[in-house]
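Below is one structure. I have some questions about it.
Labels run A, B, C and D following the written order; every chain starts at residue 1.
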Amino acid sequence: MKDFGYTVIKQRTIDYDQFDGRLLSDVLRMEPSFKTCLSCGGCTATCSANDLVSFNIRRINLSLRRGETYELESEIQKCMLCGKCMLVCPRGINIRNVIMLIKKSILKYKSVQL
Amino acid sequence: MQNEGKQKIWKDYQKEIADDHYFYVRSCIRQNFFPGSEQTFLKILRAELNKDIFENPHHTTCSGIGYHSDIVPFDTIQTIVARQFALMTEAGYRNLAVSCITSFGIYNEIIETWKEFPNELEKIRNYLKKATGREFKIPQNVSHASDIIYKFREDIFARKKYSLTNHETGKPLKIVEHIGCHYAKMFPGKGVGGAEFPHVLVGMIESWGGEVIDYPERRHCCGFGFRQYLVMSNRGYSISNSKKKFESMEPYRPDAIASNCPGCPMFLDRWQYVIEEMEGKTYGQNGRGIPVLTYEEMAGLVLGYDPWDMGMQMHQTDVEPLLDKMGIEYNPDLKYAGKDGKQIGQVKMAGCKC
Amino acid sequence: MKHIVIIGGGIAGMESACALTDAGHWVTLIEKEAQLGGKLNQWSFLFPDFTPAEKIKDTLFDKCQERDFSILLKTEVKSVQTHQKKFNIETFGGQKLEADAVVVSSGYELFDARRKEEYGYKIYDHVITSADLEKLLRPGSDLSVAAGKNPKRIAFVHCVGSRDEKSGNHYCSKVCCITGVKQAIELKKRLPEAEIFCFYMDLRMYGKHFEELYREAQEKFDIQFIRGRLSEAAEKMDKSLLIKAEDTLSGRPLKMNVDLLVLLVGMEAGKGTATAAAKCSIEYEDSGFLKTNDTFLFSNFSSQEGIFLAGSCTAPMSVNDTILHARSAAMEVNSWLRKQ
Amino acid sequence: METTSFIWPFTIGLLFITSFLVVIISIWITSLSRIDKSRIVHSIFTRKSLMAIGEVFMESLLHRKIFRKNRMLGYMHMSLAFGWFLLIIVGHIEAWNYYHSFSVPAYKAIFFPYFVPASASTNSGKVLAASMDIILLFILSGVLLAYYKRLNSKLFGMKKTTKLKAGDRIALSSLWLIFPLRFLAESVSAGIHHNGSFLSQPCGQIFASLIPLQSIEAPVWWAYSCSLGLFFMALPVSRYMHIPVEVVLIFLRNYGIRVKKRIGGFSRIQVYSCSRCGICLDSCQMTHAAIKDTQSVYVLKHIRNRNLTDEKLFNCLLCGRCQPDCPVGLELNNLRITQRIESTKEYNSSYEYLKNGKVAISPQTEVIYFAGCMTHLTPSIIKSMKEIFKVANVKYWFMDEDKTACCGRPLMQVGQYGAAGKLIDHNLERILASGAKKLVVSCPICYKVFNEDYSMSGIRVQHHSEYLLELMAENRLPVNKMPLKVIYHDPCELGRGSGIYHQPRLLLDEYVELISVKNEKESAFCCGGSLANIKIHMNERNQIRDKAMDEYLSYQPEMLATACPLCKKTFAKSNNLPVHDIAEIVYMAIHKNKIMNPEEQKFMEKSKIGL
């Protein structure tokens, strides 16, 4: 393969038809309240971890919904589970359960891959 | 796909194309990329259509590439364009026939600017006068060269030697049309058929017996993008755009790609070779590339011009598969022969497994 | 007895005609179509509670039948002349009417989705408008996109022809958001296997029960809302559509294949209202909707004394807002006439 | 003698269950940690064993705790357990007395009336036979109650009763049959051999007048033996395993063994000691939200059956209300947490960002104030505390004023001890660096973890209710009693979790008129907002809260006081009573004229407080 000094760049586009929705369907099945997220960002604004490091719970919803699971595994580890987000959420989403379910599903699919 | 819908749009976007007496402005890059195309255009207009088309060797680049690469300021490009118009005015012409899509966009943009901001026009008249002593009139009609071919497509087909059909099966060839972004995306009214469903190449292809492929990434840019190509480390952006288009058109199994822009056929042609070298992937049939044509080359083939005379050996993706399908007779030995019959040497980076 | 001519026999015209008759006036209702009801005739079910449009229409029809006023169907106004505080109205049929007051209730027209060329309405086979879908939502209709194949993924595009400089309409059509939510739910009920997406810029759930319906759409019907305006649609070989948008909340471009694309078309003042404005010599706004004397207290008054405005000829309105506006128009006409 | 072959079902069952118990208990004991094993060795020949025997007698036989809860239920359990125990003992005495030997095989004692037709011929035999009849009568009354309880559990003070599985059904049926069959067998033998007493003899007579008893004597003893054998065989798969295992539990508990944060022999013993009496169902507030399958009894059952799902495991507030009621004294919260640790042990949490130096270094200080994450959502508590510090002239460092790591307790509640440890290490480092002597905490969740899991000797951790009381005792806080009827809501983590019931009440007594309610202190309600439950839905939380609120409202208070930001936020949301943290109440008393907000002002005016 020749090297021309540049390569074909991977598209930034989210290809909705390609993503692996296993994590998403697991989480939504076990915690249906998560469906009602409005992306208001209240959770992220109040987040104790977000005070200390860039950690965006609102984006976790989007990452799941767009199949961006590769970044989830490291992102989700930042959560301290303090629960402030749940007191702020206007839709009463059980966010801590979502975090725990994601952790569980990540493990589950890792072992499936093995 | 409902054709009536497209036809309605085509009806809505009909532009005026001058009938005769053109002042021809060439593209600066095409003469390197596809050197035979502009010659073919002049030949068709003069020899086949008996039109009066004039060019002045003193005309220069419109500086559009510099302008879009943020090197040439707007005042400068306006003055350069004013000078082209002055050459046209001095030659006694009022109809501009533009070879380049970028220039076509520039001319339209500047003329529209002058309509909106007459002060700007006065300023530029002043600049040109001071710099060169020249004066100019704004062209009555600005047509892209492909508009003119489009206008006379039936006359051309009347003189055809070949049509865009498979000579063995008689079936229409499937052709992807690619319109340069600056043709109508900036001013939909300035392009035949508007920006979303341009008719300029569709009209030619359908009139000449071919079938047009409308694939999902049809509207997408070829990837030239000026800076994306000019800076080598940015070329990944450029090639990714072309690749996106190839992947989208591949399932339709096109026989050729036709374009009306200087840059697009260049990149759609060259990047097929590069992708093959980098990833081993080809998009045409039988492991070969998809031949890429300029509309002049397409017209020339229909009229029976010799492909090597039109410079089609300069394509990096070989055009032979298309020639064979159309049943065009050509001498492979003369592919790389000069005008005097001597071999001028092959293209160093031979294209797409041919 | 005073005579009032109402131009436009949609729900605003019908409701104000009834109210003015009840107030003891003689009313003539002029409608260009062969039947009353206007745009409501095209609708199957109404947001936010899925009331059948028929039910509202029938009630209004009954109301009109019970009252004594004249209805001129298939009639268009040719001219309106003011003469000594009276309005002389001539129709194309040659009828001449003298009125003490005029109510313009000429309604709206749906945005012609073909103007949004990039969405390919009337070009791609499976791009339809919300009005087309409304007809498909009648019980027993066929929703399949190919023989025996129901759409598996459906996308709704909000703000088609609204809030869009490119369409020439800067305003919000108000009802499309909730229409989208309503139709998405109805589709999901009919096609439980389908995935449904709504591409929106903002969701404007301004009315009673609207927000609740939106939540229900998310929670019960798994309808997904993606914030981002569709840039374009393209048809694929299998007639499905490749759509592109930015997922603005992720800040990334997004593409997906859908089997059916529904364009939530907005409201425009339309030809009927433009004609009415011209004939009555009343002012209209840049948007094309008729100008009201002010926003708060005189929203039924036109720029000309004696000519009143009712319903969606003044601004995009829902069915219930239109009915209320029509009633208030009748009250304003009545008290104005008494002062004369 | 071939007719005695009926002893085999009983004997096999007895052998089976004895060896089964020996094996399984040995496994459990061997899997105890070394420290726990040495605890056994060091305690076995001490008073602790005697105390354990006493407890076994009081709890396993007499069921004192159940008696306290409900006499009827207590009597039922006592009659069965203690009665059966006496039956076995007196049966053996009969046999020893007759054979003049202590090495009589068990079956001879159990089936004594059959083997010794002339047993009632002596005086001692008569007395013993009469005792057996009394005991049998005692047990049968319990069995009757048990039958009746299945039909009507309300009588026994229980709103709910546990659901049964196959193993339990077999064991239960055989248990219910044992004593009626024993009675039948004894009566039949009495009818033939006239060796009965006041109960068995007349019944035997009646039977004899109805049917020829010779032919049915062996079959009824067969049935009796079978029911005993069946019960023993079904014991390992039934809830009646608690009968033998609880004895082991009582001994080990007396030796100081507790549930650790890992699954082991002792946690298994606890799980098997659950009698599934279902008393924990009654105190569980989850039932207020119609959640009826996640209570301790079910979780322990699922642990035994190895089919516990996260949905059940994590659907618990860990409020601890069930724990004081448990007749077996199981560590229900710890068992659940142990299971949560097991369930989440592979979850990853990395708090690398805590190490990047973004958090400011600690200033030197005497007193640290740590508001807690939740308190930041109830800023008036922080405002009040700041004001109180000012009034009392305390110099302090507000540790989490700007940004800080969570205390770690919420992670622990869901089993993430490892992850919590990282936060604890981080916070501990900051606390120790400050040189402080005292850590004042506004959130009971934080308080518990600082108190129990942070190793910081020399630093006193106080919840602000304790701290404020201390300030008051030192006359550093103005006192001003307001004529307000106030109910104090015990936060779970502060009350049952940390045993702090009195300090907040003593403090409040100085400022308001405190009224006491039925469910307070150990039996206080959970507000429903607990972070320990990650499965419960918001509307279910609201139902739990409303139920608690309803009870409070029935006392017509003018204000609800609490000492936890989460409780405050949870109750305040219900919007039918002003809810304030005790710090806010102290603040109000300090600033008679500066009440917190206009609504507050209106309310206070209404309550005729001099403004």
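Operating definition for what follows: a residue touches a chain if its C-beta (ideal position, glycine included) is under 8 Å from a C-beta of that chain, and two chains touch if they have at least 3 such contacts.
Treat the numbers as computed from the prediction; the structure is a model and nothing was measured.
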item	value
If a chain touches subunit A and subunit D alike, it appears here	none
Top-ranked pair of chains - ranking by C-beta pairs in contact	A-D
Maximum centroid distance from subunit C, chain identifier (CA atoms)	D
Innermost chain by mean C-alpha position	A
Subunit B and subunit D, separation of their C-alpha mean positions in angstrom	84
Subunit A-subunit B separation of Cα centroids, rounded to whole Å	46
Gap in Å, rounded to a whole number, between the CA centres of subunit C and subunit A	40
Whole-Å gap between the CA centroids of subunit C and subunit D	64
Shared interface positions of subunit C, touching two or more other chains	none
Multi-partner residues of subunit A (each touching 2 or more other chains)	33
Of all residues in subunit B, the ones touching two or more other chains	none
Listing of all chain pairs that touch each other, if any do	A-B, A-C, A-D, B-C
Residue ranges of subunit A touching subunit C (in the complex, touch as defined)	12-17, 28, 32-33, 35-36, 39, 58-59, 62-63, 65-66, 68, 91
Subunit A residues within the subunit D interface of the complex	30, 33, 46, 48-49, 51-53, 73-74, 77-84, 86-88, 92, 94, 96-97, 100, 103-104, 107
Sites on subunit A touched by subunit B in the complex	1-2, 4-9, 11
Of subunit B, residues touching subunit A in the complex	232-237, 239-240, 243-244, 274-275, 277-280
Residues of subunit C touching subunit A in the complex	215, 218-219, 222, 224, 227, 244, 247, 249-250, 252-257
